[in-house]
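After the structure tokens below, expect a handful of questions from me.
Just so it is clear, A, B, C and D label the chains in written order, and each chain counts residues from 1 on its own.
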Amino acid sequence: MSSSFGHLFRISTFGESHGGAVGVVIDGCPPQVPITEAEIQAELDRRRPGQSKITTARAELDVCEIVSGVFEGRTLGTPICIMVRNKDARATDYEPFKDVYRPSHADYTYDAKYGIRNWRGGGRASARETIGRVAAGALAKKVLQLHAGIEILSWVSRVGRIEANVDGEKLTMADIEKNIVRCPDDAVAQQMIDLISKVKSNGDSIGGTVDCIARNVPAGLGEPVFDKLEADLAKAMLSLPASKAFEIGSGYEGTYLLGSEHNDLFYNPGDRIATRTNRSGGVQGGITNGESINIRVGFKPVATILQPQMTVNSAGEEVELMPRGRHDPCVLPRAVPMVEAMMALVLCDHLMRQKALSGSIVKEPNQATP
Amino acid sequence: MSSSFGHLFRISTFGESHGGAVGVVIDGCPPQVPITEAEIQAELDRRRPGQSKITTARAELDVCEIVSGVFEGRTLGTPICIMVRNKDARATDYEPFKDVYRPSHADYTYDAKYGIRNWRGGGRASARETIGRVAAGALAKKVLQLHAGIEILSWVSRVGRIEANVDGEKLTMADIEKNIVRCPDDAVAQQMIDLISKVKSNGDSIGGTVDCIARNVPAGLGEPVFDKLEADLAKAMLSLPASKAFEIGSGYEGTYLLGSEHNDLFYNPGDRIATRTNRSGGVQGGITNGESINIRVGFKPVATILQPQMTVNSAGEEVELMPRGRHDPCVLPRAVPMVEAMMALVLCDHLMRQKALSGSIVKEPNQATP
Amino acid sequence: MSSSFGHLFRISTFGESHGGAVGVVIDGCPPQVPITEAEIQAELDRRRPGQSKITTARAELDVCEIVSGVFEGRTLGTPICIMVRNKDARATDYEPFKDVYRPSHADYTYDAKYGIRNWRGGGRASARETIGRVAAGALAKKVLQLHAGIEILSWVSRVGRIEANVDGEKLTMADIEKNIVRCPDDAVAQQMIDLISKVKSNGDSIGGTVDCIARNVPAGLGEPVFDKLEADLAKAMLSLPASKAFEIGSGYEGTYLLGSEHNDLFYNPGDRIATRTNRSGGVQGGITNGESINIRVGFKPVATILQPQMTVNSAGEEVELMPRGRHDPCVLPRAVPMVEAMMALVLCDHLMRQKALSGSIVKEPNQATP
Amino acid sequence: MSSSFGHLFRISTFGESHGGAVGVVIDGCPPQVPITEAEIQAELDRRRPGQSKITTARAELDVCEIVSGVFEGRTLGTPICIMVRNKDARATDYEPFKDVYRPSHADYTYDAKYGIRNWRGGGRASARETIGRVAAGALAKKVLQLHAGIEILSWVSRVGRIEANVDGEKLTMADIEKNIVRCPDDAVAQQMIDLISKVKSNGDSIGGTVDCIARNVPAGLGEPVFDKLEADLAKAMLSLPASKAFEIGSGYEGTYLLGSEHNDLFYNPGDRIATRTNRSGGVQGGITNGESINIRVGFKPVATILQPQMTVNSAGEEVELMPRGRHDPCVLPRAVPMVEAMMALVLCDHLMRQKALSGSIVKEPNQATP
């Protein structure tokens, strides 16, 4: 089950970075959802390498094909397979690493687990695996929008020590996409780009954070006690390559406060139950309360750097690794659509779970037979 | 599936805070594991309310009964049900909250989701639900110890702004249990106790962090790509009441670094492959690398405070809430066994998953028939 | 997962025949369903041993307790634990079998699998495990009745070679319960009772079949391709103790026919789409078509007989087994509520799955935001 | 989850009969298993249409591609995607059925469930979906052979009323493949072929049974109580298109017997525990006992016949259906590899589950740390 995610809206990704193709099978998507390859491609284009000067130079167009499950532009309710053929496979780049464990990569652990490894690229540990997630996420976003009007937006909130100041409630997709670092705070976006460019020219990499908001979420999504919404979101985000930390709502900042400072007081703005603050991040007791969901994901500096490093080979001998080729100095701009996709997948699954419980106001026994 | 956790070593908890009982069914535990009610009780005693002056005064002994699955002191391989009867049920304490939504509690969201709620206590959202987790965790720890020699230890690493300095590699259970706040750093433990006492006397609450280490973990546990070990740990920890944040290894701190500063270099200390630093937290590409697993969990200040707060009732009217009764000023000391339990449950599940893949060095075709 | 069944309406049974208790945890039941211990007890009474002269003399009242998940007579949406304490445990009856493998029992296979076995009774292989199923089935039947008006009835259709002739469409529960063999065909019921009585007095046992019908089932339940309704029903029925065969609709009889004889022709009786015959058993392509679901389950003669038999002990030595104590000459009358329960559990799960897909007629893109 | 099967060795099929492709993703296959496209193709060739004069004339070569998960001829432990492009898509054949519900097909039920249907062929209800199962089964058979020496063989045991007499214990694959009806009983094989040919020329179809044996199965596979081996097998077989009935061991015949006639007596042939008869079909209490597993599956006459039939259209109007094109007069010869595949998938899953429990003879507490 390790390559599957979700319970009712369930995805299974497949493919290695240098195999024939990567892709995803989506099982459980509601029928009659209008979807096109163009809509999926638009999300894949936000994820693809080579999209700007601050990402890797590996130039893959990542053209998707809907292989099954869609008929005359609408989903059939049956499994949807979406596939992207691998193209720019410069296996020779990886020849030197065939027997050498790259530091902080998954080479060694894959060998330890499986006793075999596709050394032509990162195999399943490559970020190419996320193509399937982003493709499935495009569909999940469509379902959320059409069935519930839910909107999801992600952005780069920090690069190294450069921090953005963003009000998620008012954000639009255009605000995020207006620059290549996907940070809607004009005051710092160019600084972020400059920092990443400098890090890239040094053959180094840099970490940071991505924030994500889900707006117009109905109350009642999430299932106690293990499938709390924040628990499923945490798993979703920590399953992304290079992620190391997760917060919801007030997060770590909230852990320094007193309860009297932290509690979100309820009030009635006229026609509904709302909270004056949102330190809960839209989730209480694992269930959405109708406020926006706010999360933050921390990404480490990616492990591939173009600098010599000491390591060991598969024989256990210490060797110097001299990397070459291309690298992605900062995963954050490309992680934005990945975080959105994972948020969409979690919410779509829980929206369907809640529907399964619906019609729950049962008839009285004597009204049972219609 | 919302009350179940794990894939092969699978637990299902049941029970509300003021119903007949709380408990757990463990399905998939290997047979022949020696386990006694006393061993489980020892862990429950670390979790129970009323254990010290800095926890809630609610005095429950939480005596457990093994209802099934154990025969002559050993597990049968069949489902193990462990149950604790609820005793100290002062439902009258909750009478005032029957129709009032307590701020940052799950009252409102349960109503929004289910249209019905056990208002006598927190229902499933009560921390009493974790009794089943801690009981199951006691068994999981036993399996990990006997099958693989794995050791798990948790401690309070920060209360409010008071931070401990602890070397997890050298820690013992005795170091943790020597004080009531479960912080092994003598320099700050008393300050933490004093702070919590002061917060309690103000009828307030305070947050902080719990750290956890797993030592002697074999390489190869964890399954790419969605069931990465850190992903399953993140879900496990964010499913605990009041948790808001999760980090593994270098966590947020690592997101400020450059790749050249952050990578863990491999070396050979003589007979194995090791890393000189452990910013990966023992996990690379979602799979353990043989180093210790290090995680941190952030807990918010608990929502129950003994101060008046504005809120709304189920009719949507704004009302003042005047709390009374007992409260837990700081969840951290009691969260320590919960975090250990969840770490144990995740590792036990992945240990069994890895066994399922074992024997993987297949015979050559011509050797197939023995 | 071996002791769990169902995907959304999910049950987990626990308990051995001579342990402390047997029971079930039901996770995923819709909230607000009215249910009482008396309603569950009524079904358990149909299953319990000692209910008539043609069942085992083991006299257990099997009194149930709802331990969690029900509040003021209605389900909370959280896990419902129902438990029955074991009473009539004459472990001495089993002392002679401690090291001897009873023929066609599970003694040997449990030892082979687990290396340990609760020899005081059949352990998990005992039919006592079905108490949890029948209790959960009582709740599932209630949900089906209230949410969809679905009715489920089972009856004994054959004992040995004595076959009943029953029209399931017109049957009532009273028709079935009017005699102790639970066969509504008056012409043969007494013959069946006489046959079982004779077999019992010989210390022998006898097999036969149970039929089951579900009426007023909406079209659209069941999920292609692996979770076809008939596939889930087959699994449900073959998981019952002593079951050996399963048929749906025309079953084996249909396999002798030509397609031109077998096809169910559609017609329109006025206001809906119906079929003139129902050889499909209410299911086409794995999905209900609105006709009644008809299935048949074959049960072998139970393995416990009061006659000497040759066997081996755990040392591999051949020994003669001289049984003593009590035995159930024919499982069929007590299997009736079990078959009903499993049918109800499968349908309840698929009813909820179908609800999860509902609301599937999506709004057009330009209508997305309300 | 409806298109997924298995728990540890888990497959997900995708694709409609007239979409771009059909295929399967296998997640959880052990690493290092040698497998080639040729081995998979060999099984697909046994399944493909147009292979002989007694199957449909639809001529598809069904050439497979391993898209991911295999590296240098061995499995990687990561998801294996195998795909077959659809070729012979004569959608015009289906034009007349666009709005007409073919009797005993899934047209109406798919419409009732999803409100949308790929009317160009049978969509997911088409037997083309089984391509993915057979491809995955080829891999599962390889794992079973290499890890445990298990052998699986299926054959046609009855067509209409023509019944074969076969001793499964001595059978070889060559015995089965020596004629086009896949019946190893020379005395009746030609009669079966003649009957099917005659039925075909009448534009009709005919049902029958397929038997399957698994030999050299270790004791201990199968998990009580819901995932009994026979329960998982029943589900597997009833999920195949056109299947209507399932038996294990003595099956229905056994339900006519007395316990004293039916019990399988244990004995010791010298070095192991065996049974003198095998009415249990190799499974007792849901767990294998080391004897061969014997099952039988009943298939109805397929619904597509080339004769006029009355039915209704989607507007509810009664119309005459005049079929045209090609049809498969008897599913049985092509069902043989499907039944083998499903048997292999179930056994492979349970073999891995049993490995997960292994190493269960735990060290004593004082030996815990190595």
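Keep in mind that, in the parts below, a residue touches a chain if its C-beta (ideal position, glycine included) is under 8 Å from a C-beta of that chain, and two chains touch if they have at least 3 such contacts.
Keep in mind that this is a model prediction, so the values were computed, not measured.
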Winner on C-beta contact pairs when A-D is weighed against A-C: A-D
Chain located farthest away, centre of subunit B as origin (C-alpha): D
Mean-CA-position distance for subunit B and subunit A (Å): 25
Mean-CA-position distance for subunit D and subunit A (Å): 37
Whole-Å gap between the CA centroids of subunit A and subunit C: 43
Junction residues of subunit C - those touching two or more other chains: 1-4, 7, 13, 28, 31-32, 77-78, 113-115, 124, 224, 357, 360-361
Partner subunit C, residues of subunit D touching it in the complex: 1-5, 7, 13, 101, 103-106, 108-110, 112-115, 124-125, 129, 158, 160-161, 199, 204-209, 219-228, 230-239, 243-252, 254-268, 272-273, 275, 279-281, 283-290, 298-305, 307, 309-312, 316-318, 354, 357, 360-361
Residues of subunit B touching subunit D in the complex: 8, 28, 30-34, 77-78, 143, 145-147, 149, 216, 224, 352-353, 355-365, 368-370
Residue numbers on subunit D that touch subunit A, as the complex places them: 1-4, 7, 10, 12-16, 19-23, 25, 27-28, 31-32, 65-69, 71, 74-81, 83, 113-118, 123-124
